[in-house]
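The same chain A turns up in both complexes below, where it pairs with chain B and then with chain C.
Let's turn to the complex of A and B:
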């Protein structure tokens, strides 16, 4: 113990670690009525770290060549020690990341935490959501299976409906007229370098914005749940008399991460095939189109929307408008009230939107 | 105006010529592959004819040949795209084979089966009242080869069914094992397990099993079935090995899940000791 104290003293006297701990951890106070939904961000950070770690391990054996990619994934699954576990963690983790991200967004929506002065927090989070979807889409092609090949063909083909530039965009994405080796090269570069760096940078920006604005107070259990900020000057929302981040809320984060791990490991060990179809384990064959190729569950609503409209461009435009509305929500919904039960219009629109998304996804799955 | 390099010009011409030739070849090949069943003048004409001239088309439509796109000309020759010369010997038309020529007629495609047949007692009785391919498999309405073809009705046309019943019983056991292993391989393949070696192994075993279909020697069938059974056992053992690995993984998973849950409980209890949240 004496040695440990001497060591910490040695470091503290040089760089003032205890003051940082006092300011950023034990002295960093959070709202007294904070709830478990606020730990979604920590779970997402944990998932992102897991994805990076498992992704780096997969990179050791994965070969980004159309002739060798499927075989290399088969080798990872069958011959590399714990390769199956690493791959399953990465594949299941990507789905979990989207799922938890959706829950994080919903909690922010229902607690009105996107409202001013947190417009930039919302925008950075919204871009992160799109980047996660993009990394999932690009990663989908890498195993070079029948599912990868044809799902990417369908996904990239939808861009062709954009007037004038549609066909050029498709060729730009694919690196040719059809999905082929150049597409794999492009998607690989995007998946392992460009998008993860963009995600890491935006996560940094998101946390910086959180640090500058302060953690929002949940609107529950308060007499006054309306936003008090007047917009006249910079204000850091502090929480005098609140609970310390460390150890109190850090332990809540640990509980949430452990519960997430319980769920995650259950899927990984007992039914990882929830996210795989028969075509996932058959090598890509450009000359044999499988009968029913469906996108991942989180793209099913988009897929069904494109099918509903006779013109794909209208389908794309509808989706584009919906996403724009969601991105600009803090600028559209400018009311001060944050409690969901005191915002009937918001509640109707939000629940309607969720039901529509779930309905379209189910329809897409069975169509 | 800028002058184009003559070398580039000639290369461009050559490329355009090559592309046009390629398009023509692809278009031709596309036509010839689709001519298998569709746009077939044999079917068009005979399909409209009454009685024995039209009957083969109706029978063929329910055959394994029709299901696989094998049309009249594949067996009988001729030109299925030229009505006037469809049955001209100049276009390779063979017509109806004589009874003793039937095995050779079918054996042009089913080479291995012809060999097995000729080596069997059935083949040795060819031309002496013995059965030919169509006796059991049917002509035009050719049915898929299966153990169902060995039946009392067909066999009793020439001899008693006693010996064949024993053969069928032995082979049915082997076939059910092959089907079970095939299903097992398919199930593991859907879990990302490399079943390539198993698939190739089963393919080889299935081929040796099929070579027994034309044997009427009980002792040989029993001996070969025992050998095939041993091969199948090896494949079955590999499948059991996969199964054991899967069970082991689930067991490790149960511990991992329990560990994570335990950590959640410990962190929750620890958090409670700090009071407020």
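Let's turn to the complex of A and C:
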């Protein structure tokens, strides 16, 4: 113990680490009525770190060459000790990241935490959501299975409905007329370098914005749940008399991460192929289109929307409008009230939107 | 009393953290460790005519590099081609009927004995048999 104290003293006398801890951890106060939904961000940080680590490990054996990619994934699964575990953690983790991200967004939506002055937090989070979808889409191609190949063919083809430049955009995305080795090269670069760096940078910006505005107060259990910010000047939302981040809320974060791990490891160990189909285990064959190829569950609603409209451009435009509305939500919903039960119009629209998304996804799955 | 409980919980937490570290660390270590091949399966077969008199044939053996030499008197020698100094691969010099390590100029005889230079010991000899014109190393 004496050695530990001497070591911390040595560091503290040089860089004042205890003052940082006092200001940013033990002295960083959060709202007294904070709830577990606020730990979704910590779970997402944990998942992102896991994805980076398992991704780096997969890079050791994965070969980004159309002739060797599927074989290299087979070697990881069958020959490398614990290769199956690393790959399953990465594949299941990517799905979990989207799922937890959706929960994070829903909690922000229902608690009105996107409202001013937090428009930039919402926007950066919305872009992060799109980047996570993009990294999932690009990673999907890398095993070079039938599912990878044809799901990417369908996904990239939808861009062709954009008037005038659509066809060129598709070829630009694919690096050729059809999905092939050039597509693998560019999706690989996007998946392992460009998008993760963009995500890490934007996570930094997201946390910076959170630190500058302060954590929002949950609208529950308060007499006055309306937004008090006047918009006349910068104001940090502090919480005098609140609970310290460390150890109190850090413990809640740890509990949430542990609960997440329980769910995640249950899938990894007891149902690892939950997100796989038969086509995931067959090498890509550009001359053999499998029947009923479907995208990942989180793209099923988009897939079904494109099928509903006879004109693909209209289908894309509808999705584009929905996403634009979601991105600009803090500028559209300018009411001060944050309690969900005191926002009937918002609640109707939000629940309707969620039901529509779930309905389209189920329809897409069984269509 | 409280101190005792705090210490007990601290030990439990430390134990849980150590178990978690092992549960994560062991698979990662095994994943990163070089893949082990069964030693009994390491046998290399080379036709005799591929090793001419006064010549050498380099080949991969047990994950490393080895060499077969046929001396002027017809004798065959199988050696590890890894220099015993710093692990570079030795090169056969036909005119001198010996090996040189290009990294630090270590010289060996055709049988692998050190003539000069920094190598601390001879090149390792490998077992082999010749039958029906086929050399089997290992």
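Keep this in mind: the second predicted complex is superposed on the first by the 367 of 367 C-alpha atoms of A that agree within 3 Å, B and C clash if a C-alpha of one lies under 4 Å from a C-alpha of the other, contacts with A are read in each partner's own complex, and residues count from 1 in each chain.
Keep in mind that, in the parts below, a residue touches a chain if its C-beta (ideal position, glycine included) is under 8 Å from a C-beta of that chain, and two chains touch if they have at least 3 such contacts.
Note that this is a predicted model, so its numbers are computed, not measured.
A.B. asks: Name the contact category of A:82: first (chain B only), second (chain C only), both, or neither.
C.D. replies: second
A.B. asks: Quick check on the superposed pair: does A:160 touch chain B, chain C, both, or neither? Answer first, second, both or neither.
C.D. replies: Touch partners of A:160: none, neither chain B nor chain C.
A.B. asks: Quick one: chain B or chain C, who's touching more of chain A?
C.D. replies: B
A.B. asks: Scan A:258 for contacts with chain B and chain C and give back first, second, both or neither.
C.D. replies: Only chain B is touched by A:258; chain C is not.
A.B. asks: Looking at A:269 after the superposition, I want to know if it touches chain B, chain C, both of them or none. Which is it: first, second, both, neither?
C.D. replies: first
A.B. asks: Figure out whether A:42 sits in contact with chain B (first) or chain C (second), or with both, or with neither.
C.D. replies: Neither partner.
A.B. asks: Do chain B and chain C land on any of the same chain A residues, and which?
C.D. replies: Shared contact residues on chain A: 79.
A.B. asks: So in the complex, the part of chain B that touches chain A is made up of which residues?
C.D. replies: Residues of chain B touching chain A: 189-194, 249-250, 252-254, 256-257, 260-261, 263-264, 267-268, 270-271, 274, 276-277.
A.B. asks: Across the complex, what residues on chain A touch chain B?
C.D. replies: 32, 34, 74, 77-79, 84, 87, 243, 247-249, 251-252, 254-255, 258-259, 261-262, 265-266, 268-270, 273, 276, 278, 280-281
A.B. asks: Where on chain A is chain C touching in the complex?
C.D. replies: Per the touch definition, chain A meets chain C at residues 57, 60, 79-83, 85-86.
A.B. asks: For the complex, which residues does chain C have touching chain A?
C.D. replies: It is residues 27-28, 30-33, 35 of chain C that touch chain A.
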